[in-house]
């Protein structure tokens, strides 16, 4: 990993004044790794699709992905800032690829062999697991909008405290879902901004949300957005509002794609994230479900847009 | 912080004979801080609206408030006795503003992306968090009237015991809510006095309730209030009854506003709190949703009413 | 506290052969305190009505009772054996009145802002709290008849074990209530005797029940009471049966009043407790809801009936 | 207690090869105690009826039984191998009768002031309690057939592990009950054998079941019993099948009576237990609900049948 | 146990790079034991049928099986790689057969005296139990498809972490079941592959699933399998797909039979497992419900197919 750093990374680290040097060290490792190292932008490869949707739906398109080592290699070769996966996938490569890329151990997971109206996740890993596997961070998903959310928040709190006490970074996937929301509302801009804010209030260092639509879900919120003329018309404006909602940009917020149809649309989304002041992307299926050369090219383009070498 | 104290502060501290010198030290820090330092009156700035209602509804009116540092500065510049917020907001400024204002870490929170008939809150912080962030107190909300109340009381008990053992002050937000009560009953005088009493019995050093209405919710209580002619006709009388109900005034009780329409109404409420023997106000949205100069002026007026420099 | 003791107290202590000298010391403190000290009879002042019914219903009749110090003073001046209250009320006077009267910390409580078909209570204090406040005993309520009873029994078990390991006495309020019983059945003689027996089996040193009626609630019990001609016609006989049901009188059983209309009726009840071999009374509302001189006179009469100076 | 032992006791101890010498010592104390000491047969006096059915239904027939000391004396004088009771009853005599009879602390209990479709029990004692009271064993009830059974199994597992680690014996009352079974099915031979097997698999050293009827409850089991011609026509055959089902007789299985009408029927049942290879009886109500001389005579006859001095 | 090893065993061990030498030692003990020792193939004897279906249904066909020692002997004599059973069965033979065959302690179990729509299991043993009984592994069942699955996953996580920290192997029985699935879906190829993948992601070293049918249960999965032309027409192809879904063959996956009618069909299934790259079989009822000589012959044939001495 990089032994020097940049002003931008130093600036980002300065936002986390309550964290230990240990946690800042691990956060800087993520910010300094890969193609975007030092730029303050990040692209993370997450591979929990096998758990979330099943192995066939995840890897049949590019069967190399059945092998857990494939994703370590893809993340390293493509120059990602970090690779995130559940316990089993990380255990299957952590020794072979030790020290080659920052790792995020996803501490909870959900599957679809049973589907709930108000989903929650199983805790599938521990802070101690993250430490023994050499990870820089833990990852945790919350479902604002679900009746199970309060318990998820409380569990995150406990895991986050333990992670910070051990010098790890806390990455939170904040996915609105459940009977409190309409389907459209799950990605509404008011809901997305709210979900990002909750994650930050729960102590997340890095927040991950979906790209928001212009939909406004909750009536009292809609009224304020309209009265105060909060600009949410374009995707870049919505990204900007989410970043603003996450402690005025003083927490790292990254985005996953909406239902992108083609690469050009993905690249446009990346431009909107960049223009809106977002900190980067987390790209799973769009990466590992392609053949390797295409995936590398695709990710290189994404990174080029972020670091300014491509418009 | 003040290094000398006043007779009134000493008197207040004398009510807490079962607490350690450590807790009294932190309580005196709150009582001696800010414009009202030493008067025995308090104005506290709480900013958990982002979590409770979402960032847009909370900060769009005064976008400076998206930045967690804004609220530290507002609390300090306006001369508040303390600033209360959830984990994320405190982590984002505790180092920069270390030692400049007493901090209260709110240990539980609720959001409105899912709404329950019988609400409860997620535990979002710990006593250990409060200690590492340099706080003087923990804050905790209970919902008397909710079917989840017993569990909330029990959790508060455990957190309160740990807080006291570590020399922290315990501040309890007691908000009647849930299927045990009518909407009007949530702020009825019998219910409010009861809610304040429960908080004190649970070991709170400082109790926070809403300003009560003259409504009497529960039939057996109504009968006693009428038979015994408990004076609850004016707001000041109701404040006095709440103070009386909280160990005959030997616990600090502060109030948040009702649905105030204009500033004059708020000032009248403050006068009623003062005249009824209340110990002060906790003022969130009415402070941070204004532009900074207006907020400072508004809070200065509130404090002037409390310390007698304004009628 | 008394430094000599009586044969009767020594006899009572002899029933608790599995307890430590520490617990016996605290039990003897209760038995040797106050007007009835040394007689083996007890009158205890309990003040948890503020939590259970609200402050207005509890203290409006005698507003001096809003002040937690009032009850310490009443218990001391009236010569009670002990004073029992929740955490807040004890914290508010434990230093001022340290060593003047044995204290019982009530470790669980219930309020009526929400009412359940099958009630339970919140745990509101700990054994450690009891120790730091200088108490001689913990108090705990169980609701036989409620679907929540098994969990209440199990929690009592754990708290009782901890209390005994720390030399404290365990006092159990056993109040039949919940969907397993008819309203009348809550005080039926079969149910009351059963409730007292359960408390003793759970390891209580002192059991508190309500005065039973002659009603027989459960059919299989009714059959046995009738077949075996268990005498339960008079109140004294019913008291005797409850005492018998509590380890043949080898556990201290005290009683609270039924819906007494006038003082004479209360005194008659006390005579029945005395004549039936009961160990005393626990008298709350009938004490602290009177003006002080009346309360002292009333309690003096109760104690005089117990120690034989009055018929 | 006996300081020499017999071949039969040594043989029984040999079945418990995974247990510590501490546990074997306590098991041998039970096997060597009383009239049947050394024979490998056991008669145990259990007195938890007061908790399970109430004191009146339990003790009114023979009021001496209200006194907890009565049961210690009865067990000792009648020559039982052990006495089993809940916490309160054991605490009330453990010092007075220390060392005179092996004690089993029943760690969970159920009452009938509330009755559930799917019953469970409250945990009412601990391994630590058993140790401080000088017990040789813990007792624990499970209800196979109840929806609460899995939690009961898991709790037994934890208590059993702790008991074994402290050198205690684990006695399991396995009582099929709950909505998974018909009333008749609760004592069906397939269900009884299954219940005994589960207890043994959960690590019980001694298993207690009810005497089974010839009823076959579950269709798939019925089919096998009929196809394989498992002999279950006589009570002795059914006992033999239960013993076989409990690790081919390598675990001690004892029986409680069915709804016996007269003594002769009980004695016939004892003969069937003996002839079927059962290890003994646990006899509660039939013992302590008689006047003392009758009880001693009754138990002497039972023991005489077991040790062969009476047919 | 074998003191030399083979290239194939070394290769398999190399897949578990995040495990301690202690765990690898125990895994190699299983791989090197018995007839198939060193081949990388395994046959395991599991006997939890007594708990799962009752003793009569399990052992009446071959009554020798009532004796727990029978299964130790059968596993040893037949040359199995390991013997798996619940606590009671292992305790009953662990000393007598110490060191003669690798043991797997099954840490959770289910019975059928109560049947749930969404099943779960009771925890019936601990890692500490496994260690004191000399086991090489813990076994744990999960039910993907049940509403109780998340809790089962989380419990497995905790037990697995403790097992690994103590040098034990983690074997997971992954049995899709519950209201999320149709009856046919429980063994559908998409569901089986998914279930195996979840177990591996949860950190299992060895995964046990049922032989899958060609049924495709979930519409989104069906679409992918058809679009991507995943070959699942033959049993060998389906085995291959399950192995692929379990980290591209880098986790040991073993299979239990479908509803086999005759031995020839079982042998055909074993051939399919072998041809599809599966690692072996776990064979319970088909082994211990036969007379001993037949069972030995049957298992010898199975092993011969695996090690290539028989086609």
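Which chain is which? They are A, B, C, D and E, in the order written, and residues in each are numbered from 1.
To be clear about the criterion, a contact is a pair of C-beta atoms (placed from the backbone, for glycine too) under 8 Å apart; a residue touches a chain by one contact, two chains touch by 3 or more.
As the structure is a computational prediction, the values presented were derived from the model and not from experiment.
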Could you tell me which chains are in contact with chain B and with chain D alike?
C
By the touch criterion stated at the start, how many steps lie between chain B and chain E on the shortest route?
2
Distance-wise, how many Å sit between the C-alpha centres of chain C and chain D, to the nearest whole number?
36
On a C-alpha centroid basis, what's the spacing between chain C and chain E, in Å?
58
For chain A paired with chain D, centre-to-centre distance based on mean C-alpha positions, whole Å:
58
For chain E, residues that touch 2 or more chains besides their own
none
Follow the ring of contacts from chain A in the direction of chain B and write out the chains one by one.
A, B, C, D, E
Quick check: in the complex, which residue numbers of chain E touch chain A?
15-19, 118, 144-147, 149-154, 157-158, 161, 176, 178-181, 190-191, 193-195, 197-198, 200-204, 218, 220-221, 224-225, 228, 230, 241, 244-245, 247-248, 250-251
Chain B residues within the chain A interface of the complex:
50-51, 53-57, 59-61, 63, 66-68, 86-96, 109-116, 120-126, 128-129, 132-133
